[in-house]
Amino acid sequence: METFGKRYHPPGTPPGTLSRHGDGGATRIRLLEYSSEQFSEILSPTPEQCRIAQQNDLIDWLDVTGVHDPTAICELGETFGLHPLALEDVLNSGQRPKVDFHEKHAFLILNLPHLIGEEIVLEQVSLFVGDGYLLSFCSGDGEAFEPVRARLRQGFGRIRTRSVDYLLYVLIDVVIDSAFPLLEELGEQIEDLEDLVLEKPDKSVVSSLHQLKRDLLLLRRALWPQREVISRLIQHDAELVDETMRPYFNDCYDHAVQVIDLIETYREMLSGMLDIYLSSLSNRMNDIMRVLTVIATIFIPLTFIVGVYGMNFKNMPELEWHYGYYGVWGIMIVLATGMLVAFRWRKWL
Amino acid sequence: METFGKRYHPPGTPPGTLSRHGDGGATRIRLLEYSSEQFSEILSPTPEQCRIAQQNDLIDWLDVTGVHDPTAICELGETFGLHPLALEDVLNSGQRPKVDFHEKHAFLILNLPHLIGEEIVLEQVSLFVGDGYLLSFCSGDGEAFEPVRARLRQGFGRIRTRSVDYLLYVLIDVVIDSAFPLLEELGEQIEDLEDLVLEKPDKSVVSSLHQLKRDLLLLRRALWPQREVISRLIQHDAELVDETMRPYFNDCYDHAVQVIDLIETYREMLSGMLDIYLSSLSNRMNDIMRVLTVIATIFIPLTFIVGVYGMNFKNMPELEWHYGYYGVWGIMIVLATGMLVAFRWRKWL
Amino acid sequence: METFGKRYHPPGTPPGTLSRHGDGGATRIRLLEYSSEQFSEILSPTPEQCRIAQQNDLIDWLDVTGVHDPTAICELGETFGLHPLALEDVLNSGQRPKVDFHEKHAFLILNLPHLIGEEIVLEQVSLFVGDGYLLSFCSGDGEAFEPVRARLRQGFGRIRTRSVDYLLYVLIDVVIDSAFPLLEELGEQIEDLEDLVLEKPDKSVVSSLHQLKRDLLLLRRALWPQREVISRLIQHDAELVDETMRPYFNDCYDHAVQVIDLIETYREMLSGMLDIYLSSLSNRMNDIMRVLTVIATIFIPLTFIVGVYGMNFKNMPELEWHYGYYGVWGIMIVLATGMLVAFRWRKWL
Amino acid sequence: METFGKRYHPPGTPPGTLSRHGDGGATRIRLLEYSSEQFSEILSPTPEQCRIAQQNDLIDWLDVTGVHDPTAICELGETFGLHPLALEDVLNSGQRPKVDFHEKHAFLILNLPHLIGEEIVLEQVSLFVGDGYLLSFCSGDGEAFEPVRARLRQGFGRIRTRSVDYLLYVLIDVVIDSAFPLLEELGEQIEDLEDLVLEKPDKSVVSSLHQLKRDLLLLRRALWPQREVISRLIQHDAELVDETMRPYFNDCYDHAVQVIDLIETYREMLSGMLDIYLSSLSNRMNDIMRVLTVIATIFIPLTFIVGVYGMNFKNMPELEWHYGYYGVWGIMIVLATGMLVAFRWRKWL
Amino acid sequence: METFGKRYHPPGTPPGTLSRHGDGGATRIRLLEYSSEQFSEILSPTPEQCRIAQQNDLIDWLDVTGVHDPTAICELGETFGLHPLALEDVLNSGQRPKVDFHEKHAFLILNLPHLIGEEIVLEQVSLFVGDGYLLSFCSGDGEAFEPVRARLRQGFGRIRTRSVDYLLYVLIDVVIDSAFPLLEELGEQIEDLEDLVLEKPDKSVVSSLHQLKRDLLLLRRALWPQREVISRLIQHDAELVDETMRPYFNDCYDHAVQVIDLIETYREMLSGMLDIYLSSLSNRMNDIMRVLTVIATIFIPLTFIVGVYGMNFKNMPELEWHYGYYGVWGIMIVLATGMLVAFRWRKWL
């Protein structure tokens, strides 16, 4: 994940300016209209089709994937009467999750995290919900919403029989729950790392730890505010969320809290593991030093003794003694044994 | 305890989908009906028996153990009119403790921690409380509720004379209090570890510390929200909790707070102990280095001196001196004594 | 102080069960009756005497010391109509400080810390305050209340002229203020330790630090909730605390806050001191290593040089040179001096 | 950034005393008057011109750059009826961001951070907003407002058609958003440092880390309160902020929160990096010590052995043996090989 | 500053007992009476003078310096009808800052920090404000209020024309602002220490760091509650603070917040600096060890080689070779060069 990860205009740019960032995939627009009886899906609808759709009695879901084309987004904004600042946030992905209540619609920004290969990628999902219509904008490929589209097409489950706030719930649920597989994967990585740290810590541990901490830190920044978004959605006294939908949104809220709980737990586990790793490094250093010390303190004095009798003085009586050589060996053995005993007594061996 | 520890559906699954996870023990259902005068217990009641029980004036406790059979759970859900999302939470154990107030009943999730051998296991206890009936679902073996069942059978104490909220209190009390024996056991382990760290720290300390910290971290995640659950239960203005039951639920709340207090205290004690362990490692390293330094700095210069007189130069006048050898010994003794004095002065010996 | 420190029933025990824990000193009961004019004190009053006392116009203080006798406590409970859960808390000492408002009386639990020798001991003080009577239960020897009893006996100060809430204030004041001499003692220990750490840190520092941190941690757990207890007592809108008594209870509240402030400050000072100690260990290690390095790097090359001229090759021209020996000395002196200069330049000497 | 960074009067100075601090650039005053139809700009207006401007129907923006001239500021204060304490805050730059609601105008203090070369500089922006006029005081060069002045001059965008609260929003937006380029720059520095720490940590890392932490700490102190300033501005029930302006100020609020989020994330990343750096230092020390230990423990015993046969005892039978020399070599090779095997077995090689 | 720093009565002392602590300077009492027209100052007024002063229309400031004389304080208490618990707090300096609203007056305790030489000293300032009179008690020498007395005497500024709450504001302002010179001084010390830590860390750093941390910790304890005191003063709905005085007290509040902000920032800077210091210690150790390792690993093998040819075996063919000596030198030079290359490759040189 990117550290800064936010797109912004240079300070001083007039508010509501829409501009192109990077060149991701093309913008694909799908218009799904449904009621309990009928369902239709139009790819790349014309503005006129959108306007008609908005006025009939069906529930309209305008599903936009890829938000790199300011012109198309701006056109949609005009068709549905969206606030220019909200459109700016749709285009400038990397926003903080939030909910804004405008006159005719609510505007939500959420982050949908998923793994691409080894890397965690955040897709910004922007939702506009009004009376009978919902616009969704995904900064990524929008594949996460495919099961929802499939359920709508097949008329499976309750989804076609309920109003637009049920669709809103389903999409939010997908976004929130998409964190679970990711966190399960991270949980497994953490457990593997834990075993490594406790059993045979090596240098790779440090960078793995750092990578995981960093990912969790950025993930927390991205997902933490979602809890408040859903809480404000529930508490908002407009008729946006129907009374019978409460348990569903409460369930979303619980999941958002669980995601944060897990992230916090993981972060604490990781910070504990660095301490363990550092103490195992210290332990290792102690082992190494102990060996060095034992060897050196035994042999340095012995080497001194043999050096003494390697001196070339004319007058060194010991050298003439018949058992001098054996005597020196005796002294050295006694000395070495004494030291070994002392080391064992100090628990260094 | 498992790090991730949560069961979930793949994102995009329709809400209220009930599916089988793992294959734990069989689902056992007990229907206990009682009033102050009578008591009956039916094992594996039929749906019909449940429906009848629900309509009579007795208090019904449907005690379900093992939640791996989606069909049976689903049937019960229909009989008692339970919300599909709540049933989903019953089956997907590893939920965060919470309380939801539905139209006809309240739904609670609690975690019951206990020790199996060395390992801490969390049983999810889900409770539905309605007018005159209580459903309890235990993800484990439900042994913790045996004393309550026994009291009901024997008509011991006040339990048979009170309404269903007293039964609710008794079950919550069992769940909350089950943390105390566990925490007492952990407290003893921490005190043992403390003695070990202060007296003769060895490598096993690190992994024990880590294991305890990890257990407490996961335990905190599981038990922390229970405080709020009980607090919301007390504050909820429905007639769920009778005025005369307030002191009982307040007592539960106090116990839930004490559990968290203990966990936090233990966690702080453990984090202090790692510091102590690290400083004892440093102390040890200092000791080892001091010995090495003393031995090396005394003998290295002496070895040099004897090396000098081991040289084979033709013209080395000292070698010819009659007392040269003794003179060298004298110099070396003076040098060694001087160093020992210096070391003692620096407090290295 | 004990780490776990709480007494509890096995989970599943019926609420309100009173049972004997340990066998502390005998239970002593004193009944003190007073008004501004009269005063009487009865040791070990009969239940009948208690009942009479409760009905007359005098203020009654039933002062119970030692709470190990369930029968006596239970009898008192019946006489004064106390809640069984409250009596359970009185017997199971080690409770968290709290205040409960029952119909006819308020129930308070407080912790009275004092030093016995070197060890901090917590006495649980349980207070029931009703209309014209106050029951106090001390888990310890109750000596802390002796000055209050003396003031009552002598009619000294305002105490005899005021109502029962003044007596409540006086007892709470004694309990809260008993932390000050203890904290003053701990403050002195911390200052002594601070001097030790900064001037000549040795190994005893670590265990002293640990002991102090542990004591403060457990003290905080025991005293922290007292602030809220008093705050709830003040805010409670019953007529328990008279308007003119407000400044007195506010004063108690300020003292409770000061106690927590001091504990937190001490804890932060201690955690800073461990860092200082660890850095002094590192400093020491640096010193030791520097000496070793200086000695070793000077003499190891010199020893090599003298080793060279100790070789026994037939053909070593230098050995034959007349000034060879002096030349080698010259080289060695230059080398050693050079190294000393280098070390001084690197600030290692 | 300066650590203390605040200007203040000596304690005891009468409130509202205006005095000169340092001698920054000259004070430049610009009076911009506009409505949707007309626009005029007066450099260094006379007090009389200001008074006239204030009374006509146009929107007046008095843009003051450089706040080192107490006389000029004082004159303006009298013309517009500003509170003396507010004027004092304008002159004593380094204030905490705040908003005060006076009778006729609101007074805001904000911090505008920008990079000058390598250094982060805080400009204090003080805004007075009244009915139809806005006074802005920049302690720096005021260049950040140039795009706004340009938009006013060119009549570009909505700015000329809206009332004074839109101008207020635009200026606040510039101040808040000016943190983004700075934070992007810091984010890049952090990522560079991260690579350095993980790949080849050297000593420069420590001071870079420290510098970044310090900058972020001071930046947080300067920007943290801005969130609350905007939040109070939105919640204030005066007609200061028109209903249609809400989304704009909400947007500012979101940006202020994002700025703080980023700063906190960066701070946590940096504190993780110091741990990584310290563990890489420990790792390095381990490597060094391992090499030293291997070399020393192999050669020290060997050197002892050759020392033994360098002794000059008359009676040393081994010296006479024909294959003695080769035997010693054999023993030494066996010994060295054994040690190498032991080291490899311990994973030290 | 003292760690405990609080004076208290032994637990069990009747409330409102006034007793003498230590023997600081004598108690000096000044009575300043003023209105916009007149001003009089009486040193050591009699109780009678005080009583008269209280009844006339002038504003009375009774300024008491040195609070060691219980009799004088008690007399004043009776004259002005002060609460005995408040008087106890005046005498027992070292109280936590607080505000109490009594029936006829408000009672404030504040801490005035200043430097005496190198040491930070806290003066307790106690203020009683009633209708038309203000009593101030300083535990120190009261010099900080001299500028206020001077302004009153000279009738300089607004002070003589305003009511007693303006005097209250002026005194609080002096107390709060007295922290700024102190914090500026500490800020400079921190910056000096920062340079020292980054450039040439030595042992003195640790005790300086510790001293500064300790001072800031105690300063925080003393000044933190002042924010709440002023906030409660502003919010209190009595007529104590006039509407026109709001901006003045808001200004005090902002300053109190800034003081805490600065203390917190300093504390975080200091805790970062200890990490830097520790990492510089580690860096240094690495340098030392590297030098030792390089020298030792080069010369130890060489010394072994020369030792080999120092052996006295009869049969050592190499010794007889004509170029044996030069050959050994060759081998040693190759070996040493190889090692140097290896070290450079590992970046140890």
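Chains here go by letter, A, B, C, D and E, matching the order in which they are written, and residues are numbered from 1 within each.
Everything that follows uses one rule, which is that a residue touches a chain if its C-beta (ideal position, glycine included) is under 8 Å from a C-beta of that chain, and two chains touch if they have at least 3 such contacts.
Values in this document were obtained by computation on a predicted structure and should not be read as measured data.
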Labels of chains that are neighbours to chain B and to chain D: A
Homomeric contact chain B-chain C: same or different residue positions, threshold half: different
Separation of mean Cα positions, chain B and chain A [Å, integer]: 25
Between chain A and chain E, centroid-to-centroid distance (C-alpha), Å: 41
Multi-partner residues of chain D (at least 2 other chains): 278, 282, 285, 289, 292, 296, 300, 303, 307, 310-312, 316
Chain contact topology (line, ring, star, complete or other): ring
Chain order around the ring, beginning at chain C and proceeding next to chain E: C, E, D, A, B
Touch list for chain A against partner chain D, complex: 3-4, 6, 8-15, 83, 85-86, 89, 95-96, 98, 100, 102, 203, 206-207, 209-210, 213-214, 217-218, 221, 274, 277-278, 281-282, 284-285, 288-289, 291-292, 295-296, 299-300, 302-303, 306-307, 309-312, 316, 318-325, 328
Residue numbers on chain B that touch chain C, as the complex places them: 144, 146-148, 151, 156-159, 169-170, 173-174, 177-178, 180-181, 183-184, 187-188, 190-191, 194, 198, 247-248, 250-251, 254, 257-258, 261-262, 265-266, 268-269, 272-273, 275-276, 278-280, 282-283, 285-286, 289-290, 292-293, 296-297, 300-301, 303-304, 307-308, 310-316, 348
